[in-house]
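Two complexes, one shared chain (subunit A), two partners (subunit B, subunit C).
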Partner chain A sequence: MKKYSYFPGCSLKGLGRAYEESFLAVCKALNIELKELEDWNCCGATAYMAIDEHHAVALATRDLALAEMNSTEDLLAPCAGCYLVLNKANKYLAKYPRIGGTVRQALAEEGLKYEGRIKVRHPLEVLLNDVGLEAIQQKIKSSLRGLKVAPYYGCQIVRPYAVFDDQYNPTSMDKLIEATGAKVVEFALKTKCCGGSLTGTLAKVGQEMCFNLLHEMKRRGAQVVATACPLCQFNLEVYQREIAARHKEDVRLPILYFTQLIGLALGLPKKALGLQRQIVAADRIPAECRAENPI
Partner chain B sequence: MTGPHEEVRIGVYICHCGSNIAATIDVGAVSKYAATLPSVALARDYKYMCSDPGQELIQKDIQEYKLNRVVVAACSPLLHEPTFRNATARAGLNPFFCHMINIREHGSWVHEDQVQATAKAKAMVRGAVGRVALHKALEKRKAPVNPQVLVVGGGIAGIQAALTLANAGKKVHLVERQPTIGGHMAQFDKTFPTLDCAACILTPKMSQVNQHPNIKLMTMTEVVKVDGYVGNFQVTVRKKPRYIKEDLCVGCLDCIEACVFKEGKFEDDFNLGLNKRKPVYIPFPQATPKLVVIDPESCLQLMKGKCKQSCVAACERAAIDFSQKPMEEVLTVGSIIVATGFKAFDPARTPYYGYGVYPNVYTALEIERLVNASGPTGGDIVLRDGRRPSAIGIIHCVGSRDHRTNRWCSRVCCMYSMKLAHLLKEHSGAEIYNFYIDIRAPGKGYEEFYERLLEEGVHFIRGRVAGVNDWAVTKEEEGRLVIRVEDSLAGFVRRIPVDMVVLSTGLEPHADAQEVRRMFNISCSGEGFFLERHPKLAPVNTNTDGIFLAGCCQGPKDIPDSVAQAGAAAAEALALIDHGYVEMEPMTSYVVSDDCSGCKTCLNMCPYNAISRDEEKGVAVINEALCKGCGVCVSACPSGSIVQNLFEDKEIFREIEEVLAYG
Partner chain C sequence: MLRIEREIRYEAERDRSFADEIKKMPGCELMDRCIQCGTCSGACPVSIFMDYTPRKVIELTRSGFKQDVLKSTTIWLCASCYACTVECPKQIGITDVMYALKQKAIEEKVYPPRFPIPVLAREFFKMVRAKGRIAETKLAILLFLKTQFLKIFGMQRLGIDLLRTGRFSPFSLIFPESMKDPAKLTRLIDRLDAKLNSRELEARLESGNPSRPCCPGGAK
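Take a look at the complex of A and B:
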């Protein structure tokens, strides 16, 4: 049994509940033991980082310090934003002594310290490298054969730090999807921005970016999209009706988490994978595909 | 000459170097201080010590004031030590009674505080005065120069250098690691800005090399070891087997026809994999020497030892020899010209441009072959998928001027991009888009060529391309490659759909440049190109005497510059040969036999194999001709019985003591 610390971050407890549910269910099925970090706080996300790097790093480092205090295991951060920010905190502490000073002082006020020993990792990498494709394939109960999946990584998993995958053409999710029996749809926009928070601040611009992605994925024949980030999933899913109206084009596509697809292939119940929470229901996938697939 | 009992009389000279030194160091104060030091007969400061009047000042003083030691505090000894030693010698004094210290690079240029910089200069002068009093008269040794020259690399630079030397009557060994000479230039279609055909101007030179009585051409050969010193190098070369007896093959190519592979199956390097060759092949029709070569990694006989060997049956002259092994040979030469060329940037490092992902993305070198009349398509512009392009995008600065890859400008890409734009337009009639950062066309006729392209209707879009992919937004983009770029003149982001993308890849040092550098004992600059001795005034010399540079191994350059540099390198080698001998610095080490215990510690330490053991006397002996004066043996000797001229222990200790005694 493999053991890890688990940092859910705010998304997986709210907007991205389906991500947490499916991630936990898949981990359980694959014999991965997770221990949720106690008393974790917001990672600060990219917004705080943009305003005040010193304080933002201090905020994120508190989580790393808690993790280091309680275990030596790697810390899993499924949300791409948390994954990036926690990694960035580690890098900045090693690189910029002045930030290190601010952070030490801030942590000391709470009786904490951080030695820099915690490795922050993304579930994509853990499933691919620690568990391995073979182990996953052995547990597949209902293959997703015939399903055409567009793997969408978003920007934060490979940029600016390409720790475990290629910066421009990542393939870790492709391999996991192929392990479920599904077919990967090749498209050039795997890591192109979904619009991030622009959908909230400059809706027209943000939705235009979502349209680019949805249009291209559909053009390539995707029946479903796999994501690894709660914000990507949200942006691509919830604005589909508005985008369709503006562009007078059908952009309807179910947007799932990659963990939900793996869960389906592992034969886990739909409810355990949070599939009932989808706005664009996954059972709208074409009938011919549904015939041979469990969705 | 000073005898042992003669009074030491030192002259000290402080140089202003214009304001280079004088602005930071109070040279007058240093000079006054020097005058107070023991044995100093006089001290002066002067605006430019290295100038003629400066040197004459030293000469006059030596005679007038009966000086027998000279200290010059100025710039780097690397630059002017010979100047002042020669001035000293002209006044009848042994040149090694002159000592130079560097108060510019080690003083004024690295300090801001005038008081402290002046104090440091005084301390250094005091050290020098103390040391020079102990100097001995030394003599330079002379060694003859071997008149043969080794040229490493058979591209246009190596060819030009070899021909220049050979035409001057010198024997040249030209070593090339590929099966043919010609280098990158042989792959080019036309040359900018005159558009004369590369092969038409290159192949006559290649054949001259092959036929020249003074040139010994060795292809498939690499240098593996370099011993010796200027005027007298011993170079070990290794020849890889061609599996063809070079003296018997006449290049009839019957063996290729007869090979058991009916069609070419293996990547043809000369055409960058755009077509296939057989295991037995000739790189290109004008390959020089015109000999076939067998590739041991695809020939069935060489790989598996099993083949019906129809090539052997077809060869009337019995030239095929599967039993050939690598062979080594030692060449004795007096000087070496390194002309090992460059490597084209690998666009796998810029994945956002889609090379290797989309088949219709090409490198510029591939296009050189594609537009060439003897290339894989006979000059027809046919895409890898068989279509003909109606729009072509040429992306400049791929792997150049980019902090993510290489920071330098590769100098030739703007011009070759425009040349390819012209040729592609001429051959295909397609619309051509150039994406550039700046157009750099600083050569004779280069800017005019740019203007000509503008008149021909080639599009120039100023902006660094963000990416190339097949993401289609409009009907027009469907099934094509889309170049996304910020047009920095128009001020907005554009999407340009094209059918073919050409990446103008930059020039890089070879992957093994570091190993080659170590072998020849020369330096590299930060980016990995071989370093010249001086960027302006010694551009073909290296820091190792007798080894010269030519062509792109020293940095990116175009054909005219490579040829000019090759000529300069040949001239340097000729100057060395015609001088007839080299003078060797006397700062070599010697063994005080009485103290040597014969422990052999120094034998293994010497990087130049200059030390041997006299078995009869049981002591170490240093061969002065091989000793480079590095001093390793001196510091390694447990009994302190090795002494290095000009760096004797008592000289160094006296200098340290005096510096420490200051202030």
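Take a look at the complex of A and C:
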């Protein structure tokens, strides 16, 4: 049994709760034990950096301190935003003693201490390197053979701090998807930005970026998209109607989390994987696998 | 009416202290290395919507054209995708430069009224300070109420979709996602503010310029 600390972040308790549900279910099935940080706070996301870097680092460091004071395990952050921010805080603490000093003093007054030992990791890396493809393949109960999946990494897992994958052509998710039996659709935009919060602030700009992605995924024959970030998932899924109307093009594609696909292949019940939370339903997935592949 | 304005700036109009200030901020230290190659603008997925491309923003910033950069759409369009940062052949933290410029613009309030992106940053700041966590749907509704009120009526279908799939519950508007004890985080932020204020005061006294009061984002 492998053990980790777990930082869900706000999205996994909110709009992206299917990511948490499927992640927890997959971990359980693969014998991974997670311990959620006690009374964690928001990591600060991109918004806090736009206000003040000390505040941004302080928020993330409080979470790192909670992890360090309670265990020695690595900290898993499935949300791409949290993953980047927590890693960034680790870098800033080491690189900028002035910021680190102020932040640590404020934390100390609250009885918290962080020495910089916590390694922040993404589930993609853990499933690939700690669990391993072979161990996953051995537990596959219902292969997704025949299903064409576009793996979409987005920005913040691979840029700028990813240590476990290539920044230009990441393949960790590709390998995990192939382990489920599904076929990976090659497409060049797998790390191109979905627009992040622009879809909510400057909708036209954000949706234009989503259109480029959906158009390319569909053109390459994807039947479903795998994501590893709650904001990517949301952006690509919920604006499809508006995008289709604006561009007069069918962009309908179910947008799943990679953990949901792995869960399906492990034979976990759909409800445990949060599949009922899809706005663009992914009901046809198992049927599609069988139709494509009668064996 | 023909608008006639001077298109050329005199060197004396440049604000060099602004350039120096930005260059001291984290990630911005290497700005002087920029060779104006434009790799950042080419890598940027939003540059086609910007008034100044990232390359121009770097040059304008380090040359001290403060008002031009702080009023540009560029800094708000940056979605923090870090494509420029990893592509830059001189290792300049261009995304961090954008953060530094956003901070300055918010501090000096040089953006159009009700412009959604700085409003979002400030509402986000306030919600985390108060609750320790973000309730996304509540934040989105707040943002629309404060910036583009009428557009909220075009969002019903999305709202219904989110309700139907259980990704959002109206209950969470009254009892939003929160830390068990959010006061812990409010206290931490206030302690940090006190330290930053006293440090800034010291710095200002040293430089003999006791002008600007410090309150991050003017958010309180």
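Following the convention adopted for this analysis, the second predicted complex is superposed on the first by the 283 of 295 C-alpha atoms of A that agree within 3 Å, B and C clash if a C-alpha of one lies under 4 Å from a C-alpha of the other, contacts with A are read in each partner's own complex, and residues count from 1 in each chain.
Criterion: a residue touches a chain if its C-beta (ideal position, glycine included) is under 8 Å from a C-beta of that chain, and two chains touch if they have at least 3 such contacts.
These numbers come from a predicted model, not from an experiment.
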{"item": "Partner chain in contact with A:110 - subunit B first, subunit C second, else both or neither", "value": "second"}
{"item": "Which of subunit B and subunit C A:246 touches, first, second, both or neither", "value": "neither"}
{"item": "Partner chain in contact with A:175 - subunit B first, subunit C second, else both or neither", "value": "neither"}
{"item": "Partner chain(s) touched by A:183 [first = subunit B, second = subunit C, both, neither]", "value": "neither"}
{"item": "First, second, both or neither for A:167, with subunit B first and subunit C second", "value": "both"}
{"item": "Which superposed partner A:139 touches (first subunit B, second subunit C, both, neither)", "value": "neither"}
{"item": "When both partners are placed on the shared chain, which of subunit B and subunit C touches more of subunit A", "value": "C"}
{"item": "Contacts of A:28 with subunit B and subunit C, given as first, second, both or neither", "value": "neither"}
{"item": "Common interface positions of subunit A, toward subunit B and toward subunit C", "value": "167"}
{"item": "Subunit C-touching residues of subunit A, taken from the complex the two chains share", "value": "10-11, 13-18, 39-42, 44-55, 58-59, 62, 92, 95-96, 99, 102-103, 105-107, 109-110, 155-156, 159-160, 167, 192-193, 195-198, 200-202, 205, 209, 238, 241, 276-279"}
{"item": "Subunit A residues within the subunit B interface of the complex", "value": "166-169, 187-189, 212, 215-216, 219"}
{"item": "Subunit C - residues contacting subunit A, complex", "value": "25-26, 45-46, 49, 76-77, 79-83, 85-86, 95-96, 99, 102-103, 106, 116-118, 120-122, 124-125, 128, 132-137, 140, 143, 157-158, 161-162, 165-168, 172, 177, 179-181, 184-185, 187-189, 191-192, 195-196, 199, 216-217, 219"}
{"item": "Interfacial residue positions of subunit B with respect to subunit A in the complex", "value": "351-352, 357, 469-473"}
